[in-house]
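Common to both upcoming complexes is chain A, partnered first by chain B, then by chain C.
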Partner chain A sequence: MSAVFEQIFQVGFLAAIIRIATPLAFATLGEMFSERAGVLNLGIEGIMLLSAMTGFTAASLSGSLWLGVLAAVLTGMLMGALHALFTVVLGLSQHVCGIGVTLFSSGLAYFLYRLIFGQQSVPPNIKGFQTLPIPILSDIPVLGPAVFNQFALVYMAILAIPVAAFVLYRTPWGLSVRMVGENPRAADSAGVSVIATRFQAVILGGALMGLAGAFLSMAQFNAFTFGVVSGRGWVAIALVVFGRWDPWRSAGAALLFAFVDALQLRMQASGLGHIPYEAFLMLPFIFTIVAMAVMSRNAVAPSALLKPFRREER
Partner chain B sequence: MPAPLIEMRGITKSFGAVKANEAVDLSVAPGEILGLLGENGAGKTTLMNVLFGAYAPDAGEILIQGKPVRITSSADALAAGIGMVHQHFHLAPRLTVLENLLIGIPGKTGRIDRAGGLARLAEIGRQHGLALDPDLPVSALSVGEQQRLEIVKALFRGARLLILDEPTAVLAPSEVDGLFSALRSMAAQGLGIIFISHKLNEVRALTHRCTVLRHGRVAGRVDDPANTTSSAMAQLMCGHEIVPPARGPSAPGVAVLTLEGISTSHHSGTALRDISLVVRAGEILGIAGVSGNGQRALAEVISGVRAPDAGRMTIAGQKVSRFSPREVQALGLGRIPEDRMTTGLVTNLPLADSMVLPRIGTAAFSSKGLLKPDAIRAFAEEQIKAYDIRCPGPMTRAGALSGGNLQKALLARELAFDPKVLVVSQPTRGLDIGAARFIHEKFLDMRTKGCGIVVIGEDLEELLVLCDRIAVMYEGRIVGTLDSADATIARLGLMMTGAEGHS
Partner chain C sequence: MFRLEVRSSTPTWFNFALPLLAIGATLILCSGLIALAGAGVLEAYGVMFTASLGDSYAITETMVRATPMIFTGLAVAVAFRAKFWNIGAEGQLLAGAVASCFVGAIPMPGPLAMVLMAVAGAAAGAAVALVPATLRVKFKVDDVVSSLLLNSVIYYALMALIEGPWKDSFSGYPISPPIEDSANFPVLLEGTRLHLGVVAALIAAPLIWFLIVRTTLGFRIRVTGENPEAARYGGIHVERVLISTALLSGALAGLAGVSEVGGVHFQVMSDISPGYGYSGIVVAMLARLNPLGVVPAAIFLAAVMTGAEAMSRATGVPAFLSDVIQGTALLAMLVALLFTAYRIRRVGVAR
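Coming up: the complex of A and B.
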C-alpha cells in the first residue's frame, strides 16, 4: 500500500493538479461572472468545445498559438453574446437557451472540424504550448517546478483569480454586476443599465470559457477531439455553486476537483489495476456530487438568477 | 410662489385598457413639499414612475426649471436631479449599505471610491439626521433604516427633487416623526419634495400644497392643507363624502364559532395559551393586540392551517376534528389572510383562478375532475363588477392589482359563498379611506345577515368602529374582552401591554 502512495504523491503530482485545474478555473470564473449578473449559462459545455476547435484550427492554420488563443476567446465572446441576446435582451428562458447554445456550438464544432480537416484516421495535432519556467521562482523546491514551470495559460489562470476578485468587489462595474444579479430594479433605478451590464458579464464569461477551451486543445491535448471537453463545462457549473459565486472560493473548488481528478489518474496508473478504471473515473464526479450536496445547503444563489428583467412589469 | 422646479404637463399613461394617468398636470417649487393624494389605483405611483423615467408616458411633457426635458430612463432622471424612494425599496439585501449607495456611481481610477462615499454618507447623515452604518448588509437594517438609505441614495446623487411613494405605510409612528423632520430639513435647503400618502392627518401636518388624483385624472388641488379638513380632502379623493359607517344595535344569535382551551406548542411565532372565545351570529369580535402576540397563530388555527395541541373548536355547532382548510371551509368558514400576496392569492395566475381557488373542487367550478373555465370566468366577471375591482379583466395576473383591489377580490371570493363565520386579519392595512370604507360596509352587511366575524387587527380606531366586542391578546393569551361601548383606545392600549382587563 505504501508503494502505491509513494507513486501517487511523487513530484509531478502537484504540477498535474495545477494543470487539470487551469481550464476548470477559467470556466468556473467565466460561469461565475455570468451568474453573478443573474444569467445562468448552460452553453458553457458547447462554448468550450467550439472554442477548443476554433483555437486549434486557427493555431494549426496560422502556426501561431496566440492567434489560436485569440480565436478561442473571440469564439467564446461571440457565443456569450448569442446567449445574452436570447436571455438578456429577449428575456427567454435561460435553461432552454443555454442548452440550445451547447447543442448548437457542439454541432457547429463537429461540422466545421470535419469540413476543414476531413476524415482522418489519426487526428491532426499541433505543437502546443511549452512550459515556460519563471526564472528564480521555478527554483523553489517542490513548489517551483510544480507552479512556476507551467504553460503561459496556467499563469494567466492564476492571475485571473485575483483580477476577477478585484473587478467584482472593487470596481464600479463589478458592483453593477452584483447588483443586477441581486436586484435589477435597484440597479435600474440607480441609473445602471441592467441589459448592458448583464450583456457585458455574459460576454466576459464567454471569453473566459474560450480560454478554457483554448487550454484544452492547445496546451493539454495539442489536438482537437470530440471528447476534448468531456463534461468539464458541467463540472464548472457545479463548482460555481460549490464556490458560492465567489472568485477565490470558485478557484479553490476547481483546485479541489483537480486534486481528486489527479489522484484518480494516479490510482489508475498505480498498482490498483484489478479495479476497472471506470471506477476511478467516477471519483471526481462522486466528489462533486457529495461536495455539492453538503455545500449547497447554505449556498445562496444571486437572487435574480434566472429572472429576466423587464422594466414596466411589476 | 417661486418658479416651479419641476412641471409635468398633460401626462397620459395606459397599461393595456387601463388608463393609469390621463392628462395630469403637476408642479413642485423649490423648497416645497407637495402632497400627492389619491385612492389606491388612482395612478400616483404610475405618475411618479413616469417622472422618474421608469415608465414611458404615452403623451405629455416634463419641464425642469421651465425647460422641456426628455426622461427615458432612471439614469436620465437622476442626471436631471430627480430622486425617488419607491414604495417597495430598490435595494439589494445581501450587499452592504455603502455598496447599495455607490451603485452606478463612477469610481476613482477604476475603483469604487470608498473614502469619498463614506465622507458623503457621513455628511448627509449629519445634515438631515439620517445616520447609517456603511458596512452592514442591508438585510440587517430595519425597514425605517432601509428607507433612510433610499433617501440618502437620492441625496447622494444630487437630487433636487425627491419623490417618496407612501413612505409612512411601512413605518412605526415614532419613525414617522424622524422622517418628517428630515423632510422638513431638506425642504428648508430648497429641495422640492413629492410626498405620497393617503393618511390625511400626515398630509395636513407635512405638506404645503396637494394635488389629488382620482381614476388617473387630477380631481383637484389643495392650496392650504393645514387648514383644510380631512373630510374635504377625502371627498376630493373619492368623489363623494365619506361618513363613518353606522353600526346598528347588535342582535347576536347562536354561537357560530367557539374555541375552548386552544393551545399550541412553541413554533416560529408566539404560541397560543389556553384561548377560549365565542363568536355569535350577527356580531363582530375584534382581536386587538400588538402584532406578534399570537394573532397569526390564532388566525391559522381558526382557518384550519394549523392544528392546535390542545383544545376544542366548533364551527356552526360542528366540532372541527382534522383542522384542514378544506374542513373548516366546508363547515362554513371564510377567511382573509393577513398577507394578501403570499397566502391570499396566487400572484402569477389570472385573477379569476385565484378567486375560485378555495372552491375549485366544488360542483360550481368543476365536474368529473375537469375545470369549467366559462363558469370560473363568469364568476370572476360578476364579482369584479359587484365589488368594483379595478383591473383590465378576469384574466389579469392577480399580482398586478393594487392592494385595495386585491383585498376587494379576496372579500368577494369569501362572501360569495355566504360564510357563517368570517376571519379577517388586518383587513384595511395599506388601503385608502374609500376602499377601507367599502370593506367596512361589507362587514357590517354580513353582520346584519347573521354572519359572525372575527377581525384581527392593530388599528384600534378601526376596531372600535366595527366591533361589538373586543378581546385583547398578549403573549399568546386573551387578557380580557370589552364590550365596545366600554372600550376606549386608552383602556385597550393598557390591556395590550399585558394589564388584566375585565370582561
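Coming up: the complex of A and C.
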C-alpha cells in the first residue's frame, strides 16, 4: 500500500494538480463573472470547445501560439456576446439558450475543424506551449518545480484569481456587476445600465472561457479532439456553486477538483487492484455531484440569477 | 415607429408557424456554411431532402432515426413543463439501453421479453432521473448541472461494463453480447428497418399529450411549472410533482434506449446514442413542449441527420452540418417564441 501511496504523491503530483486546475480556474472565473451579473451561461461547454478549435487552428495556420490564444479569447467573447444578446437583451430562458449556445458552438467547432483539416487518420497536432521556469522562484524546493515551472497560461490563471477578486470587489464596475446580479431594479435607479453591465460581464466571462479552451488545445493536449473539453465546462458551473460565487473560493474549488482528478489519474496509472479505469474517470464527476449536494443547501446564489431585466415592467 | 407590446394570447396557427419560421431561418443561416464548404446550397439541401424524405424507403429510415428522438423529446417536454430541467435524457437513454439489453439477453418467449425489456429500460431511465430530482428537492442542487454531470457518470459506467465484465467474448470488441433473436422487435414492413418501437413512439406521443392536457397529474405538472407558489397555495405537493415528473421523464428517455436496442442495434455499444438525449431538447422546444408537436419536430431532426450524411457523401460538406443546424434551430425557435409573448405594434408618431 505504501508503494502505491508513494507513487501517487510524488513530486510531479503537485504540478499535475496545478496544470489540471488551470483551465478549470479560467472557466470557473468566467462563469462566476457571468453569474454574478445574473446570467447563467450553460454555453460554457460549447464555448470552450469552439475556442479550443479556433485557437488550435489559428496557432496551427499562423505558427504563433499567442495568436492562437487571441483567437480563442475573441471566440469566447463573440459567443459570450451571442448568449448575452439572447438572454440579456431579448430576455430569453437562460437555461435553454445556454444549451442552444453549447449545441451550436460544438456543432460549429466540429464542422469547421473537419472543413479545415479534413478527415485524417492521425489528428494534426502543434508544438504547444513549453514550460517557462521563473528564475529563483523555480528553485524553491517542492513548490518551485510544481508552481513556478509551468506554462505561461498557468501563471496567467494564477494571476487571474486576485485580479478577478480585485475587479469584482474593489472597482466601480465590479460593484455594478454585483448590483445588477443582486438587485437590478436598485442598480437601474442608481443610474447603472443593467443591460450594458450584464452584457460586459457575460463577454468577460466568455473571454475567460476562451482562455480555458486555449489551454486545453494548446498547452495540455496540443491537438484538437472532439473530447478535448469532455464535461469540464459543466464541472466549472458546479464549481461556481461550490465556490459560492467568490473568485478565491471558486479557484479553491477548481484546485480541489483538480486534486481529485490528478488522484484518479495516478490511481489509474498505478493499476490499483482490478478496478476498471472508468471508475476513476467517474470519480471527479461523482465528487462534484456530492460536493454540490453538501454545499447547495447553504449556497446563496445572486438574487437576480436567471431573471431577465426589463425596465418597463415595474 | 414600432413598439413591442405584451401579448395576452396567441392564435393557434402560431404553433405551426413559429417552428416553420425557425426552421426556415435556420436553413438560411446554415446555407452560409454550405457555401463556405464550396458546395451549392440548393444542391446540398436538395440531396438532404431526397435522401431523407425523397422515397418511401428513405422515409422509413428517417422514421427509424426519429423514434429515439420522439421518446427523448417527450421526456424533455414533460420535464420542462414542470420546469424540471432534465438535461440528462442522454444518460437516462443509456441506462434504459443497458437494462433492456440485459433483460433481452435472457432466453424467454419473445413477446414477454419485449415487455420486460420496456419495463426494465423505463425503470432504469426513471431511476437515473430520480437522482437530480431528489438532489433538487432535498438538497436544492441545481437540476441542470446534476443531470448533466450524471450523463458523464452513466457513460463511463456503460464503458466500464462493455469493456469489462459485459464485453462480448465472441467478437472481442467493446460491445455487449446481443439480445436473443426472439427478443428483436418485429419489422413491420418487409425490406425496411421500420420496427415495433417506431409505432410505440407514435402511440406514446398522443398518450403523453392526453396525460399532460387531460389528467390531474398533467394539470399538477403544468401548474408546478407555471407558478410553483400558486401550486403550493392550491394544495399541490410541488416536491412530489417534481419527483413524479422526473420518473415519467426518465422512463420516456429510457424507452428511447429500449427502442434502439430492441429495434436497431440489438446490443449496446459506446456510440449507441449520437446525442439523442440532447437532440430531445431541440425537439421539445421546436414542439413548444407540446407532446403532439414532438413527432414532426423529431422527424425534422431525423431528416436533417440522415440527409446530412448523404449530403456529405455527395458534396463533401462535413456531415457535422446537422449538429450546427440543431443548435441554430434551437436558438432560432427561442427567438421565434418572442412572438408569442410580444407583438410588434405600429405606433402613431405624435404630430
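Quick notes
Simple rule for what comes next: the second predicted complex is superposed on the first by the 312 of 314 C-alpha atoms of A that agree within 3 Å, B and C clash if a C-alpha of one lies under 4 Å from a C-alpha of the other, contacts with A are read in each partner's own complex, and residues count from 1 in each chain.
Everything that follows uses one rule, which is that a residue touches a chain if its C-beta (ideal position, glycine included) is under 8 Å from a C-beta of that chain, and two chains touch if they have at least 3 such contacts.
Only a predicted model underlies this, so the values are computations on that prediction, with no experimental measurement involved.
By the document's definition of touching, of the two partners only chain B reaches A:Asp188; chain C does not.
Looking at the shared chain after the overlay, A:Phe111 reaches chain C, while chain B stays out of its contact range.
Judged by the touch definition given at the top, the superposed model places A:Ile99 against chain C, while chain B stays out of reach. Judged by the touch definition given at the top, the superposed model places A:Trp248 against neither chain B nor chain C. Touching more residues of chain A than its counterpart among chain B and chain C is C. On chain A, the surface touched by chain B in one complex and the surface touched by chain C in the other have no residue in common.
Residue ranges on chain A touching chain B, taken from their complex, read 170-172, 175-176, 178-179, 182-183, 185-193, 300, 303, 311-312, 314.
The residues of chain C lying in touch with chain A in their complex are 33, 36-37, 85, 87, 131, 135, 139-142, 144-146, 148-150, 152-153, 156-157, 159-160, 163-164, 278, 281-282, 285, 318, 320-328, 330-331, 334-335, 337-338.
Those residues of chain B that touch chain A in the shared complex are 15, 52, 54-56, 73-75, 78-79, 84, 86, 89-95, 99-100, 102-107, 110-112, 153, 157, 399-400.
Against chain C, in their complex, chain A makes its touches with residues 42, 46, 86, 90, 92-93, 95-97, 99-108, 110-111, 114-115, 230-231, 234-235, 237-238, 241, 276, 278-279, 281-282, 285-286, 288-289, 292-294, 296-297, 299.
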